Amino acid sequence: MSQVRPLPASRVLPKTHQHQLLAEFVGTAALLCAVIGSGIMAERLSGGNTAIALLANTLATVFALYVLIEVLGPISGAHFNPLVTLVLWSKGLPAQEASPQRAILFIAAQLLGAVAGAWAAHAMFDVSVLQFSSKLRGGWNAAGQFSGWGQWLAEAVATAGLILVVLRAPKDKAAALVACYIGAAYWFTASTSFANPAAVLGRMLSDSFAGIAPTSAPGFVIAELAGAGMGVLLSRWLGETTIETA
Amino acid sequence: MSQVRPLPASRVLPKTHQHQLLAEFVGTAALLCAVIGSGIMAERLSGGNTAIALLANTLATVFALYVLIEVLGPISGAHFNPLVTLVLWSKGLPAQEASPQRAILFIAAQLLGAVAGAWAAHAMFDVSVLQFSSKLRGGWNAAGQFSGWGQWLAEAVATAGLILVVLRAPKDKAAALVACYIGAAYWFTASTSFANPAAVLGRMLSDSFAGIAPTSAPGFVIAELAGAGMGVLLSRWLGETTIETA
Amino acid sequence: MSQVRPLPASRVLPKTHQHQLLAEFVGTAALLCAVIGSGIMAERLSGGNTAIALLANTLATVFALYVLIEVLGPISGAHFNPLVTLVLWSKGLPAQEASPQRAILFIAAQLLGAVAGAWAAHAMFDVSVLQFSSKLRGGWNAAGQFSGWGQWLAEAVATAGLILVVLRAPKDKAAALVACYIGAAYWFTASTSFANPAAVLGRMLSDSFAGIAPTSAPGFVIAELAGAGMGVLLSRWLGETTIETA
Amino acid sequence: MSQVRPLPASRVLPKTHQHQLLAEFVGTAALLCAVIGSGIMAERLSGGNTAIALLANTLATVFALYVLIEVLGPISGAHFNPLVTLVLWSKGLPAQEASPQRAILFIAAQLLGAVAGAWAAHAMFDVSVLQFSSKLRGGWNAAGQFSGWGQWLAEAVATAGLILVVLRAPKDKAAALVACYIGAAYWFTASTSFANPAAVLGRMLSDSFAGIAPTSAPGFVIAELAGAGMGVLLSRWLGETTIETA
């Protein structure tokens, strides 16, 4: 269609690594764009019936996740989630490539992608690009009263399940399994299953259906960290023999 | 993420068997958590339109079943259902492993898992963990009047179909086929297709969308037993030649 | 679960053929039971929103068709539709087995199955087993006024598409393709895509969401026959080289 | 079913090429018929809830796209979209066949198919065959006021994503990936993702749910062209090494 200028020679990373970071950036951006954009569309069209809005949000997320993991997985593994990157790095995966530097750059690409994805959704729907969510989720309501531990437990459960699926899914079915898992967890967890600190960041920046107030974000991220640990343990207890247990 | 203490040496079962029981426990818990949790979420959001609530409940169940069978199937076979365990045991499946002791422990793990799953859903949605359903299903209404045989027939049909699918599905498509079968049966059977005594137990403990009153439970379980028998016969009549018919 | 008495020795058909007829009977019964049962459930729950009812009816039909074709296809080919049987027989498929007698018995099994399926749905939902639809579809409205050719054209289009999919689907994807095709055609054809004379018979016997008045049935069946012919021609024009064109 | 007259000997294209053009015509017609027909059905049944209508429209489109690409892909590659044809032709795909003449005829077949599909939908739903949409999309509202760049950005994003999926999907998963991508993009792009100039043409001819006013069409097509270019670049930046970058 047109000429592409060669990438600047000053980049220090090997080319393949650049492709991986771009894939993580693009994939996480597209994921957040899908989650937030479909949430805006669904809220606008659903006439106040939140169940219909969440159904549409669920379908769009499941379809998008499936496509993104299939298409970008061969490049970067399609993490799109700092906890997935951390868990795989902690297990030395992928072999010969798992370095702290790589994990940190992956996470940076994911966080930048999440922000870009939220902003792209806002631009498409003609709303302010820069905004912050006012939707309190978990812990305390607007009056400052404690509303229960449920949302945090839900995030922990959601993330534990996601990590279990990521660690145990057969490679050729991973895209479908992760997408379907999130589709189920949107409904069976009380928090609609963020299960991803990059998603928390992107959603924090959107005052819409899928948003989360910045004050609620730390609770969600801590719960997700705990859940990721639970997922790792659960996978081990189910007989993961390739991992050292000492 | 952290160290795992070795499992106590006093366990008498071989390690593989422990993994299987844990898989049956975790899988049945996750299944019931998905069924009950998505039912609570759907009822809260659907503004009184029960069809939308059941649609969401259906999608969450289908996605969850598919993922659980794919992920845990390689460990335990992913029964999550005492009738599936009984039918396979009665056929001597899996070869060399089918013992009465194994079947009993599987069923115990499933029943415990169903209870744990219901309770986990309640904890996530900040409702009382311990509760009992008041939803009458089948036989008699709240006024004590007989309301027809339909719900019981529906459970028998639902279970017969499930067993037929379990016995005849090609191994690599079993997860998708069982999940889709249940998705259809949620709608075409009048009982929304429990088809699983462990599910009856878990749902009995939840006064929510997916619940069943304890007084209605025995009727459902008996119908499911009859349906499982019908499913075994139907599979045989369709030409199952590897099973002794005498 | 129990002993099975040997089938009576007086049957003249080879055993394999009996299995095929049973598979066509059971499959068509289950299909109609799913279509009609989910229609009744959806209509009861949807609070008058017909789009939600048809969405649920669509999902249940797609799931059921996929499961039935995968599970029973290895036995009989999973026609469940007289036009599929006729088209395949006219092409001499399956090789060495395509006889007029076989085609006639297949169609008889399908028609009996359709009736049994409708009645099973009625029994499960505690409504009269024997009933006739009063829903006029195509041609004339209740006042006897001609309402347009659209419904008949829709049935022809729906059936042409189904036959095209049946003739050209790769064998290992046929179940998913037929199921998805019908799922789409429920919405894009004005008639909600019966595309099957056995389905017309079963639905004629149900005064519910999925029903069709007996007076509307002949128009639908004629349109389906024309559509099947169009599907055969279209497949040929697309380069079906194994079929004689003279 | 009946005899087919041989195609006239005067055709200059080799037979295989004729099959391809017919496949592009039939596939694009069926796609537009599915999009527009399901839009009409959904709007009629949804009682004014646009989210439910778009959900049904989405499901029908996803199912139809999946089936059409699987069934017609082996014949023509199942482009159904001038931009897909242009992008593949610009890359010299398929090898040995990519000529300007072929690309032009493909696009002509797609545009004719889109018109035929819109008209077929209208005929089935008993509305005027020839009509024009009055639905303004993008740029200016009915009062002539500029309403923002969002819709055009959305079309560019939607098309970039589609081209990325087309260029990078594994061949055996392309049908599912393209269908799921469009299903997601119906919701996450503000424009409901036309992403196809042939679709713009067909929808322009339908004053219904899926329509677009002729005055809005040029903006959409230009945005799609820009998006296709972005998709080509993005695929290159992700490491497409078989393409010359000079």
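The first chain written gets the first letter, and so on, giving A, B, C and D; residue counts start at 1 in each chain.
Just so it is clear, a residue touches a chain if its C-beta (ideal position, glycine included) is under 8 Å from a C-beta of that chain, and two chains touch if they have at least 3 such contacts.
Just so we're clear, the structure is a prediction, and the values are computed from it rather than from any experiment.
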Given chain C and chain D, the chains that contact each of them = none
Separation of chain B from chain D in touching-chain steps, minimised, is 2
Is the contact between chain B and chain C built from the same residue numbers on each copy (over half shared) or from different ones (under half shared)?
-> different
Cα superposition angle of chain A on its copy chain B, in degrees to the nearest 5 = 90
Centroid spacing, where centroids are CA-atom means, of chain A and chain D in whole angstrom = 30
Between chain A and chain C, what is the gap in Å from one C-alpha centre to the other?
-> 42
Contacts with 2+ other chains: residues of chain A | 49, 52, 55
Treating touching as the only link between chains, describe the layout with one word: line, ring, star, complete or other.
-> ring
Touching pairs among all chains present in the structure = A-B, A-D, B-C, C-D
Chain C contact footprint on chain B (complex, rising order) = 48-52, 54-55, 58, 62, 87, 90, 147-151, 153-154, 157, 161, 164-165, 168-170, 173, 176-177, 180-181, 183-184, 186-191, 228-229, 232-234, 236-239, 245-246
Which chain C residues qualify as touching chain B in the complex?
-> 1-4, 6, 15-16, 19, 22-23, 26, 30, 33-38, 40-42, 45-47, 49, 52-53, 55-57, 59-61, 63-64, 66-67, 70-72, 75, 120-121, 123-126
